[in-house]
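What follows is a group of structures, each given as structure tokens.
Each of the next two complexes has chain A plus one other chain: chain B in the first, chain C in the second.
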Partner chain A sequence: MGNCFQSQNSDDISLLRGSDAPDNGHGQEPLPQPVGPPPPYQEAEVVPVYHPSPNVSRPASQLTEEEQIKIAQRLGLIHHLPMGVYDGTSKKAKECVICMCEFTFGDTLRFLPCMHAYHKDCIDDWLMRSFTCPSCMEPVDAALLSTYETS
Partner chain B sequence: MAGLPRRIIKETQRLQADPVPGISAIPDEANARHFKVEVAGPVKSPYEGGTFHLELFLPEEYPMSAPKVRFMTRIYHPNIDKLGRICLDILKDKWSPALQIRTVLLSIQALLSAPNPDDPLDTNVAEAWKKDEESAIEEARQFTRQHAMGNKPQQ
Partner chain C sequence: MASMEKRLQKELQAMTKDPPPGVQVDQESCSRVMNEWIVDLEGATGTLYEAEKFQLQFKFGSKYPFDSPQVTFLGPNIPIHPHVYSNGHICLSILTEDWSPALSVQSVCLSIVSMLSSCTEKKRPPDNAIYVKTCSKNPKKTRWWYHDDTV
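The block that comes next holds the complex of A and B.
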């Protein structure tokens, strides 16, 4: 119950936050109650911003219903994409083309169906804007569906 | 500059260490996200012999969103308007974070070699281009002589 006051206006927002939302307090510890109205900047920090398409940025509260569904679906699909920890043995990919940093031992990577690999945080940020592989422009969902069909 | 992403630092270094032939991109001293660009008009195009100044800006979201690029030198081209705005798919819906400043500038150079009047930004130029390509190319040459030769970078 302690979570209620964070997402006052609808369940859509908590749905959109997905599993990235911090788990605060499990509802057991009483959350610190602000004295008086909170400073306005806190309000702004809480609202996550989404990108229904690459050049559009909007806070969650201003998304259309269609966009909310699209984003919720994307969050779900992204979680089905395989991840791995870079063990330094891959001969193919050495650098994440998104941040241009070399993969280092222990980095969490995400693998797309086309076999291109990126840092998980880098590619997840992009996939929330466009569900395509940055390197080959292959639509990720089409490839995902055909993987399901053949297996 | 504090808070500049590693990627931007790397791209800037690589552009300077291994420049693209016919293109120079120098970051602004005051703002490392802002580049002054010079593109030489490609050989065998009506822009040959001209030097075109552009400005390129990397928005806060870069590389998740495309660089903003604009011609500062006037140019007669169906995909570039009077304000210097460029109609190029990779700067809009076909942007990908695997693209870089280098690839964007190469694409712009290629656009000068291959104007596409079927996807116009300046409809007057595009119409002229489709109606009488030879005269349009002569007009582009004239513009190049007038605006892109002996010109200094604009502010």
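The block that comes next holds the complex of A and C.
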């Protein structure tokens, strides 16, 4: 955990400003607006869209408290599911049934407690809608909790 | 969305190469718009619908396969079946709440063929008249009440 919110690298902006600096003080006419505050952020604020259940899409701002908790729990649980890189050794898992593409070397996979494997990006997208295995419909959270209890 | 189109291409290939018995994709319909297919169905031999021809329309949203396709019967011959309304809407749980991205056009067609095949009496749903008058055009907007698992 801890990498849910990847911080944006703000270095590019400071580098741009830095390259302007040597020009100052050489008698050049200052630009009409040398260093003012940056213009207000114009782009419309993007509200992430979540899917409390399949076929339901709702912007984060319109989720009920119950749905917010559900989604936060899912986000947390997804991070506990094992991941791996496809190395071609598994004879069982050959294809991701979500995108219907064959696994290729180096693909990042995620394994569910029922042992079904999918591309990480494909299954994470589904798990955020429904916490079940697409292949066997096994509820993932129940299986996850029972593995904790037995180990 | 690119991944959705890629998956639809794969499904079309599979349906063309290896179609389930009595099921045929109308190639012309898919070549016009990739996200709307027409599928021809034929009632299985030895059932109440033997030799009857039906047409199914599939509409895929941009979130397919995470969202279920919109599937309705189309054309002059709508099967008379307790789960099929006279406007072509189908009461089938895998088309809404029991949808999984591991399902496909092929598996939906098979479910519909088997739903028809297991029918013992040709009749419309009991609430057909009121439903057809009041429903949305999109059957996915209906709050289906799956009350009968036997057919």
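The definition used in the following text is that the second predicted complex is superposed on the first by the 106 of 151 C-alpha atoms of A that agree within 3 Å, B and C clash if a C-alpha of one lies under 4 Å from a C-alpha of the other, contacts with A are read in each partner's own complex, and residues count from 1 in each chain.
As a convention for this text, a residue touches a chain if its C-beta (ideal position, glycine included) is under 8 Å from a C-beta of that chain, and two chains touch if they have at least 3 such contacts.
This one's a predicted model, so the numbers in the text were calculated from it and none came from an experiment.
S.K.: Given the superposition on chain A, are chain B and chain C in a clash or a fit?
M.R.: Taken together on chain A, chain C would clash with chain B, as the superposition shows.
S.K.: With the two complexes superposed on chain A, say which partner A:99 touches: chain B (first), chain C (second), both, or neither.
M.R.: It touches chain B and chain C both.
S.K.: Quick one: is A:54 in contact with chain B, with chain C, with both, or with neither? Answer first, second, both or neither.
M.R.: The answer is both, since A:54 touches chain B and chain C.
S.K.: Looking at the overlay, does A:89 come into contact with chain B only (first), chain C only (second), both, or neither?
M.R.: In the superposition, A:89 touches no partner, neither chain B nor chain C.
S.K.: Contacts for A:125 in the overlay, against chain B (first) and chain C (second): which applies, first, second, both or neither?
M.R.: After superposing on A, A:125 lies in contact with both chain B and chain C.
S.K.: Intersection of chain A residues contacting chain B with those contacting chain C?
M.R.: Shared contact residues on chain A (touching chain B in one complex, chain C in the other): 51, 53-55, 57, 97-101, 122, 125-126, 129-130, 132, 134-135, 137.
S.K.: Over in the complex, which chain B residues touch chain A? Could you list them?
M.R.: For chain B paired with chain A, touching residues are 5-7, 10-11, 61, 63-66, 92-98.
S.K.: Under the definition above, what is the set of chain A residues touching chain B in their complex?
M.R.: Residues in contact with chain B: 51, 53-55, 57, 97-101, 122, 125-126, 129-130, 132, 134-135, 137.
S.K.: Flag every residue of chain C that touches chain A in the complex, lowest number first.
M.R.: Against chain A, chain C makes touches at 3, 6-7, 10-11, 63, 65-68, 96-102, 104, 140.
S.K.: In the complex formed with chain C, which residues of chain A make contact?
M.R.: My answer: residues 51, 53-55, 57, 97-101, 122, 125-126, 129-130, 132, 134-135, 137.
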